[in-house]
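Several structures are given next for inspection.
Next come two complexes built around chain A: one with chain B, the other with chain C.
Then we have the complex of A and B:
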């Protein structure tokens, strides 16, 4: 069969027309009939809310050898221990003052400053570079400032790890489940190929409790609160005390303040 | 010559039809539909044995519902689900679903194995009964 130019144009035109057919002509069997009931705009009643969550770390109270906050956080969030510093998963960890605040000390800085081991967290930045680079939207910023990870969408590309100037993100190079000492059933584990980080305990805030590290700190060095509320405890501390933020010149707007 | 050609075409069509329908008639009667167990102490203790929505809806749409729950709870912070009859539930697989359906291997797994579905939910979400073992 040979087709004429006229036949070809007819078929091409008809095909183009079908693409312009409005959606109302969708046959009944092709329609999605599932309706998940609407009106799901509720948070839990006792949830804590804020304009911008932030935390202060009082370095005059935090002791160098104490790891209570790390232990509490990692137990609650099922953080695995692969037993290998290269693959380490860290939500909270401790570093020397010089590496937490490069350039903030000099050759004559006192021993007190040099001996400090400040705890470091995800800074839940105001202008988070990890959110900007994430290609799937797995990392996003909530209206209350928490930089959140939707593990369901993480494809393990690790662009966020490259973008984060604080090293706050860790990749699960293996299945983490066998390496979790004791699984807490109230929080999911992660799977192989997923990046994770501190989430400011958003799952606890939703139920009306403060972050696990804040509760676990016996020295009461950690204060968590709303940085946009001028009457909050955290604002009082920031007003009266001298504070440092990590690498603030990068423009990320870190929300962890270290009080000195 | 022409009739000879038609014979070949019909033979080809017959072989095609047999090959395509093979799994249906070959597998017929060999596998019984799964029997899902609702025998858990939690369900036995319920006064009104009703899931979040009615069973027919849940059977057909639980996966879509869980996906909607997942996105709303994680991304929008909306953690309470109001069912059609007004009851409210926390949108949580481990915290809500598995509290009643605590027998995952006799409920979720039986049907998922039967239909060949391999949901990745339980790679991360924890089955409380498996942790206590």
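Then we have the complex of A and C:
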């Protein structure tokens, strides 16, 4: 009796191990990688390309009470509105100058500075802590600097949310689909349990259009471009204007520059 | 040996029934959480980790109980611990199982947990934590079980078990270090961004784990027909005392750096913890309970007369366990998120389902622990004073 039960357990254990073996011994990175030769990929000819995508926000043009960029971004990306701050998901939103740039303001700063409401979103960092900590590679960095999310690989551990020094990431604490005002069929909705954030509109860049927030801004406060191209508009702005980056001392290399 | 857990006194059966009941309640609410999502908990966009990860962090410490017995016994031939090293190893198993459960229930997409192994990311500390925790579980399960089985059969344990036991010592250090690194390496969270995090984890672990072990030994002596021996219990109590002293000292060192340097983004977290910040003081009462209990426990444990009194010793150990649960379990994790990177203060209130699920995991852990110790007591068969059995002792030394 005892020995037969023991044999059964041994066989069951061995079978379970065999089933797990392919997963453990042939991880994804060891599998064949399909290399698509340049020019033959899915990317369209007219796709926008850059060495490093970056954005400038002209705070002298951005008006405090305007929310056009937020509305455009959230509508296009199927960002739900749960109506409570606890479960809130946001890709781009506005904050007071003191919250965005702690330490850059003093007690005697003029009203002009205090009244600013800079838009904040993912900085698509050059050295992103979220990518470093992700245990599955669900968040990763493209060669052009965009920090991406794979909603199908994310396990929802939220370590990236703890790691992000900008609070740019949101968790789907529940099913977002019923709370999306109007679903845009051109962009995936997310499921509950995954993390999401601004993606610099990579899906629009692939089709040759600028990010939705840049297009929506009537004040033309947002400029998007290649920070590695010395002749780009963004480089011209950075050369001539005084700019701030958020918490730049942390070494993350944020790619959003705020012009003052 | 498992069949030994099926029979027991009425008290044993009532205790098991209670644990199963609480476990089932937790499981029921976990199914609700699976259905609705983590929004069923009090976690929010700003405070994105709560009770679950806090329990995980605390219980990694409890799992250290094993090394504080194994190290003196196997490396320094401290014979008094011979009888109870297996208790430490089995406690470690139960604690690590709870840790793994707490991480698992905290996942937004638990069905994808194997992605961590399918797409391993060596740069992620969480990936390494999964490796060290499962390794520690395996090591302690194997050593505890093999030694126990050999004791039962009265044969010497196989030779290969010795290197595994030695391996468990650095491995125990690794689980704390790696778990501390999850927090200590994040650039934007000034509360956690401190090199003393790993030493703090180790110190509080070496206090909370052995404190629980003392309580278990006292319970087994009174109701379980097993006497660990006064010498072993007193030695453990001294370990708890000095580890607790180191733990309190480390918290003090941290507070000095923060408050003397007066850097606001470092001070805010401690102000929130001990004084409240901008009218928010959810954790203030808890933290003062921590301060009072830990210092009281330290005083009780260093006074030999008090320490030798069974009742006072039990009270001191409860105080150690509760105070370190507050410090590591509640204060350390939640305060890292308050204030948020944008300076917002969002309080965290765990919900009913969240608390029930948490209790359910604790019940599962204590169920395992009870079953293990039931088997242990049965195998040890009474209150004889010999270490692991003469055959085991001969093999080791």
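Quick note on the criterion: the second predicted complex is superposed on the first by the 218 of 260 C-alpha atoms of A that agree within 3 Å, B and C clash if a C-alpha of one lies under 4 Å from a C-alpha of the other, contacts with A are read in each partner's own complex, and residues count from 1 in each chain.
Everything below uses one rule, namely that contacts are C-beta pairs under 8 Å (C-beta built on N, C-alpha and C of every residue); 3 or more make two chains touch, one makes a residue touch a chain.
This structure is a prediction, so every number in the text was calculated from the model and none was measured.
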Partner chain in contact with A:87 - chain B first, chain C second, else both or neither: second
Contacts of A:142 with chain B and chain C, given as first, second, both or neither: first
Partner chain in contact with A:161 - chain B first, chain C second, else both or neither: second
Touching partner for A:235 - first (chain B), second (chain C), both, neither: neither
More chain A residues in contact [chain B versus chain C]: C
Partner chain in contact with A:61 - chain B first, chain C second, else both or neither: neither
Chain B versus chain C as contact partner of A:52, first or second or both or neither: neither
Partner chain(s) touched by A:171 [first = chain B, second = chain C, both, neither]: second
Overlap of the chain B and chain C footprints on chain A, listed as residue numbers: 191
Residue ranges of chain A touching chain C (in the complex, touch as defined): 23-24, 27-29, 85-90, 95, 98-100, 102, 120, 129, 132-138, 153-159, 161-167, 170-175, 191-195, 247, 250-252
Of chain C, residues touching chain A in the complex: 36-39, 42-46, 48-49, 103, 106-110, 112-121, 123-127, 130, 182-183, 185-189, 265, 336-337, 340-344, 346
Residues of chain A touching chain B in the complex: 34, 36-37, 39-44, 47, 140, 142, 148, 150-152, 183, 185-186, 188-191, 202, 206
Sites on chain B touched by chain A in the complex: 53, 60-61, 64-65, 68, 70, 72, 74-75, 77-84, 88, 90, 94-95, 120, 123-126, 128, 131
